[in-house]
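Labels A, B, C and D are assigned to the chains in the order they are written; within every chain, residues are numbered from 1.
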């Protein structure tokens, strides 16, 4: 069991969405912060830096967005549904864009291949939370 | 092998300090970001919040410092020795203070017990890097 | 003219939305990072900390969200419309919530009065950008 | 009077160092976050991106370090002397390096000229705080 899951289980208020899914999303976001930060750093010293501009820009923003989402999801006791939902949407979108760009360079840059995988994992983990959000909203309307 | 280690191994320039130690420190820092953020969030809803003030304040700063160190260590290609050293010193100190305070509440708050462990692990991981830095400096002088 | 406006004017690609509005939103976000961080720090040492829990929690998240939005808006050269829009929505919502809570304590805590003002200013500045986004979308459809 | 100064004046505990100097350092750090983030974004779309690699890398780290220092200084109620001192040292060093690199490109890139100025201002503001720290330490020993 990861630390994130242990910490969420120890929260006095519990976690509004599925605790396993939230813990998985936190872990995926933190992985993505690391991969994207390292990928941009590596891109900058590659001989083909001209071709890596979009990759660097996307990695920088992806690291920042994932870093925020990891923090927001780590605060279940007092979080707002709308804020969490919009941040998850932004994160899913940014991870998708970053994964697509990294995939383009995956064959000649190993750091891009690893980073693309981390982005896809984070996209999936956050997507599953937004879907859960949607379901909860539908239940309220039913 | 963690993602951090994989990403560092894929860096075109390699890692100036020991790569295993740097990857371990990154992982420990990211764990600490999560634990400290969640611990402060949980503290805020505990009935004894009056007694948790110092814990909250230390957790907030510890999360911020560890988050920065994780990013700096994830950029091996172009990092400055002095900056890394001072940030590691700040991180070791903050993790020590936060672990001591969390330990005081570990018996009645499970989130503090888990968080103290994460802080100690991060303190140790960053300490081993500052020691390596010191050794490198001594070698230069020899 | 603020630094943010000067920097945006110096961007090789220009700014997709109105440059004055984006610069104003960046400045308002950075103000809010500062006010919310200080307000939470002050709340924690007030004698009525029990009543300040929601204020602390909202200030922490508001500082984080505003900090991210300031960074994203400072990168006009390569930003994604959907990501920016969702982050602005999250920011407007978080600033509204934080301003409302701070307003409740504004009479007895001066830091809450100042912070509420900063949150309202940030809410307005980001709202004007989301409205601009909406207009741009409508223009595309027309 | 800036918001930062107003917030620090409203802190229940007061500010350990000179309040005007701390407020000035916070403002300079936040300016630097903005300038460095925008400068890296602009560098990435310049035709001579090959020559801007070091500038991008330094701007990214400078933005992160300054962002952390702004937050730490905005929490006067419960801050640790050693942590603040080490972070200020890291910030002074990073701002110096970033200003030097930006200066090299100031003639052909206006964003680098503005960013160099912001880095120098932040370097000076943080330097004056570390000097104040040193004086305080000397007083203790006297």
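Definition applied: a residue touches a chain if its C-beta (ideal position, glycine included) is under 8 Å from a C-beta of that chain, and two chains touch if they have at least 3 such contacts.
All of these numbers come straight from a predicted model, not from anything done at the bench.
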item	value
Repeat of the A-B interface, chosen from A-D, B-C or C-D (over half of contact pairs identical by residue number)	C-D
Of all other chains, the one whose Cα centre sits farthest from subunit A	D
Gap in Å, rounded to a whole number, between the CA centres of subunit C and subunit B	28
Distance between the centres, which are taken as Cα means, of subunit D and subunit C, whole angstrom	21
Residues of subunit A touching at least two other chains	40-41, 44-45, 53, 57, 60, 67, 71, 75, 77-78
Subunit C-touching residues of subunit B, taken from the complex the two chains share	40-41, 44-45, 49-50, 53, 56-57, 60
Interfacial residue positions of subunit A with respect to subunit C in the complex	53-54, 57-58, 60-61, 64-65, 67-68, 71-72, 75, 77-80, 82-83, 86-87, 89-90, 93-94, 97
Residue ranges of subunit C in contact with subunit D within the complex	3-4, 6-8, 10-13, 26, 30-31, 33-35, 37-42, 44-46, 63, 67, 70-71, 74-78, 109-111, 114-115, 118
